[in-house]
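Below: one structure, written as structure tokens.
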Amino acid sequence: MLRITGGKVYDPANGIDGEVRDLAIDDHGRFVESVDGGRTIDATGMIVFPGGVDVHTHVAGGAINFARAMTPEDHRRTQAFIRTKSRRSGLGGMAPTTFATGYLYAGMGWTTVNEAAVPVLSARHTHEELADIPIVDKTSLTLMANNEIMLDQLEQGEYERAKQVVAWYLWAAKSYGVKAVNPGGVAAWKWGKDAKQLASPIEGYKKLTPGGIVTQLARICDDLGLPHPIHLHCNNLGAPGNIATTLDTLKHLEGSRAHIAHSQYHAYGGDGWDTMCSETAQLADYFNTHPNITTDAGAVLFGDTVTITADGPWQHLLYKLTGRKWGNLDVENETGCGIVPYTYRPSNLVNAVQWASGLELLLLIQNPWQVFLSTDHPNGGCFWRYPEIIKLLMSADFRKECTRKLPDKIKGKITLPEVDREYTLYEIAVSMSAGPAKALGLSHKGSLGIGCDADVVIYNQDDDPARMFGHPRYVIKGGEVVIEEGDILETPQGREFLVKPARDPDIDAFMRPRFEECYTMSFENYPVEMERIEHAEIRECISHAP
Amino acid sequence: MSLQVIDNATCTFCGCVCDDIQLHHDEVRIHEAKRACVLGTAWFLNHTAEKKHPDALVDGREASLDEAIEAAAALLHAADMPLVYGMSNTTCEAQKQCAALADQLGGLLDSHTSL
Amino acid sequence: MGGKVTCTLGEVKQRADFIVYWGGNPAECHPRHFTKYTIMQKSKFLPRGRKDRTMVLVDIRETKSAKAADIFLQVKPGKDFELITILRAMIKDQHVTDEQIAVTGLSREVLDDLVGRMKGAKFGCMFFGMGLSMTRGKHMNSAALLTLAAEMNAFTKFVAMPMRGHGNVTGADVIMRWQTGFPFGITFNRGYPRYNPGEFSTVDVLVRGDCDAAFIIGADPGATMPQPAIEHLKRIPTIVLDPHVTHTSRLSRVHITTAPQGIAAPGTAYRMDEIPLPLKPPLKSPYPTDEQVVRRINEAIAAKPFWMPEGSQPQMLTAQV
Amino acid sequence: MSIALHLKRQPTVPLEAETISPDRLADLSNSEIRSLTVYHGKRQLPLGEFFDVEGERSDELHLHGELHKVRWIGRAMSRGSIVVHGSAGMHLGAYMRGGRIEVHGNAGDWLGAEMKNGFIHVHGNAGGQIGAAYRGSLSGMKNGMILVDGSAGLEVGMRMRRGMIILGGPARDFTGLQMKGGTIILLSGAEIRTGAWMNRGVIISLKPLRMMPTFARASDAIPTFVHLYARHLKQYGVTLPCSPAEGAYRVYSGDLSIPGKGEILVWQPADVDMPLHTQVVSCKGVRQ
């Protein structure tokens, strides 16, 4: 039991904007009206937020684990978590180890994370890694948009069957939802090609287009009643002029719910690297007039990182551009991933446009319930740098100071200097917690309301938002004080949320021969057994069909 | 007694890790490993559930499991630079425990890969 | 610094029309590799199976696998690195003289043909075995082939993959990476993981006598390592977990018999392409599993005083200075 | 006044002693030095457990004893000097920024690895990875000089960017691997794969080398910079022949697999098989 008294509470899910309120937490780690006894935290003069929720990050599974192996030089210079009698050691940096991932997220007040790209084939592996990420609760999304068994169904016009295939995969992977990456493009990459035009048939298919995949997969997610809509990484990531593709993609989503991942990488004008510019204003306009879609920024921060994405073609291009290390991993029948270490530099015009674009999206999309804090960790920057972004959002002066360091040629390519908006604490609480929780359909997260999970972060009031958000005074996870003044007190096991969509009884029989044709493992050994998921909790599916 | 059958069993002899093996066994010994290669067949048929070895040896003498575990813990705990090595022929679950062991001991951790 | 460009075995089965085995003998060491994953498989993209695929074997001698190959290239012993490096130059149209090519034991015609086939492939895959990775040059030989595969992507789709032997060695690699950030060769003596193959890799540690106790599991260094390493294992307290009493058990202070994985111990194992598979043990062993024993040793150690003195914090040895 | 450390107890496992550095010791009293922490395996112990310490407050250090198990001596040092009267362990002078290290004995692997500047002289043999990059790092030594009178191990100067390594004895395989710049001088040659995958930089060998097949023979000459090197190296007692009467350097360029612009110069004494004239054979000339 725990009481938090006297703090200034920001709880957007319940419309509370900086009121002094008391919170009570019961022994089950949930908010209740009141409790008798237990510890009391006097939060007088402090700021109280719901625990952060990361809607899009890459913290577990084959790809990030590949990145870990590729960056020993980063591990040598990064923050280490020293072993204590009860706590495992770990390394932070660009691709933190699992234990360190939990410590770092909790250390800045984030208590729920969504691993946004899991191939079913490595789902077993991903769940093992997620189990080794302490403190935070987890969800994971399954990569579907390049799955050949499903694409074949769509090609043949078998929508219902495609839906069943998706449902089968989600349950086999013990996943929370659907991630679509570069629809059709990764499948084409397996022949060294890409899919850039939404209306052109993809390599290896007669009729099926990326646009067709987008529309139908979004509908499938709604029809299956998944708590989180299609989580879409659009085609043509990172390419100058890709705003046209992105806007076209959005039109294909009309009528469906959708979450657009890391929009920053999809909001460029120009027709080459020299002419590349920000077109975030156009994209923000679309969001401002379409309240049923959400996005995360995928903001870029200057400095070293490692880029990992299921977008193999983009990674090969990046490897050729940078001449640095390149890892690539194609996964049979399902997807692929590429890994390239990268340094974003303010002196580099393209990087400068990217940096500005991420912030522009966060500032130009009016409704904070539609655009969330993310760096597409580790692609645009590491998640543990979120407090820097918060500072950039809360202080126009600080933004101006940073903008001055960009090359002169940036003039006319970005709109950031003209944007005066400053986030309020309430808006930050929406963008880092209440908004992403709502988009993920996690109704018990991102809220300090009665019955919700008692994930709370308490800050000392500070004029410097980066310092304030980087160093919470207390972090409470499920009613347990896990961080106090920077010390990790407890490292409880987090939970994993997953869905069990309705499946036709004959789908197994349908899948088996197709599976055996494509895969190299036994059909029976493919689904992850429920008992392999530590602290699993099944979330309900509710139909979103129009 | 008729033999029991396990379908889609996984062979861990080599890096192929074939998972389509059909094993016929009588709880003590595996009599047939269908679809396994020569190496896999030998692997499955050469192991039994018989008690052929002592539970443990400490300084060359037979010992109980409890004694051996205590002796192992004491020796590892006393060392200034203990090494945890191997992990080829074992499960991931045991490998995780090995990594935890090296972490807890402040020692060295290495696998066959480094050879 | 090419990194690593790879795929899962199903991709090879589905797509690879050009397959190279380098320094490996799958016919005898990975007998089902051909039939289950590579040349013998038919797929939607390669409907005629074997006929739609070309297999090249590169090795220092004609092993049984050569019978399965369309092309066998006999490289001179110890010249793999040179041959791969020549290929890296040739795919970029750099001129290498006939005389220089000759040191590998192969001719220009043969290499021109090979490069032509590599570039002409729709999906190329190179598997490499211990004949490459364990001979003079070691990790640089592997790095050479991985780099060649990465560079081939300028022309067509190409991947490379090690033919891992030794059961679940891949699992150890994968787990160490997520728990410590490094695949092997790790020390925790400062309370956090550090990595330096050559310094913390076992053969080097043992030969130099750098450790003062050893815990050996799922391996038999007493049978496989160089004599000075074995001598050191004899000198220090060694603890062995194994289903059998092994060479290493005989020189150890403590041996504990455990259930063999996949036969009497349940769990997970990783395939060479880092795909995890569940184990289905048919037998019930009279012995505990490795996992149970190591867990109990961990608990026994946790009950003793922690090695780091109260309130002390070891200094990090970071690269930043 | 200097500080002398005498090894009094041989470590049984590696002793990590990065604290033995002029920067760290320069302002400390004798008792403060003795109480500095060293790491015997995982044990944190005072330096005084292993060393007798004489003197204090100096940036001139003298180490006495067989220190082959003592690692990281002089790590990142920027000033002063360390003289080892005996042998030294791995990582001696790694990340070094300035000052001098002299070893009257042998040194281990990673000598001067990723050093930024300074001078290291080993009178005996050294291990592998001298001046090299650690795993994953983009570059090895960035400047400074490493002089080893004796032999060296594998991967000397791996990915080095600037600076100079001089080896009096032979080196093993992969000398100058992936070299990006700087100079390696081999007075007694090297085993195989010298200069493999080099991008830029110069390797000069006074003994014949077994060349990688991916180097093009460019010319036989005595390039101007060799004269400059020869003059510069006299102070270290190193003689680079540079008179046409004595012979010439066979110049190779590569590694073609990159394709790189590195150069390997192999000395051809006049009396062996060299034509006396140093005629230029162009790369193209060889090809046609």
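Each chain carries a letter (A, B, C and D) given by its place in the written order, and its residues are counted from 1.
In this text, contacts are C-beta pairs under 8 Å (C-beta built on N, C-alpha and C of every residue); 3 or more make two chains touch, one makes a residue touch a chain.
Only a predicted model underlies this, so the values are computations on that prediction, with no experimental measurement involved.
Participant: By C-alpha centroids, what is the most central chain here?
Facilitator: If we average C-alpha coordinates per chain, C lands closest to the whole-structure average.
Participant: Between chain C and chain D, tell me the centre distance in angstrom, where each centre is the average of that chain's C-alpha atoms.
Facilitator: 31
Participant: Based only on mean CA positions, could you tell me how far chain A sits from chain B in angstrom?
Facilitator: It comes to 39 Å between the two C-alpha centres.
Participant: Taking each chain's centre as the mean of its CA atoms, how far is chain A from chain D in angstrom?
Facilitator: So the centre of chain A lies 47 Å away from the centre of chain D.
Participant: Where in chain A do residues touch at least two different other chains?
Facilitator: Residue numbers touching two or more other chains: 70, 72-73, 76, 83, 88-89, 128, 132, 521, 525.
Participant: By the touch rule stated above, which residues of chain C touch at least two different other chains?
Facilitator: Touching at least two other chains: 1, 36-37, 174, 179-180, 183, 188-191, 193, 195, 197, 210-212, 268, 270, 275-278, 302, 307-308, 314, 319.
Participant: Where does chain B touch two or more other chains at once, residue-wise?
Facilitator: 8, 10, 19, 79-81, 92, 96, 100, 103-107
Participant: Counting only chain pairs that touch, give me the topology of the graph as line, ring, star, complete or other.
Facilitator: The chain contacts form a complete graph, every chain touching every other.
Participant: Could you please specify the touching residues of chain A with respect to chain C in the complex?
Facilitator: 60, 62, 65-66, 68-70, 72-73, 75-78, 80-85, 88-91, 93, 95-99, 121-122, 124-125, 128-129, 132, 190-192, 316, 319-320, 324-333, 336, 339-340, 517-521, 525, 529
Participant: Under the touch definition given earlier, write down the residues of chain D that touch chain A in their complex.
Facilitator: Touch residues, chain D against chain A: 134-138.
Participant: Touching chain B in the complex: which residues of chain A?
Facilitator: For chain A paired with chain B, touching residues are 83, 88-89, 128, 132, 521-522, 524-525.
Participant: Where on chain B does chain A make contact in their complex?
Facilitator: Residue positions touching the partner: 7-8, 10, 19-20, 92, 96, 100, 103-104, 106.
Participant: Where on chain D does chain C make contact in their complex?
Facilitator: Residues in contact with chain C: 12-14, 16, 18, 37, 39, 41-44, 69, 72, 75-76, 90, 95, 97, 109-110, 114, 128-129, 134-135, 137-138, 173-174, 177-178, 192-193, 196-197, 212-214, 216, 255-259, 286-287.
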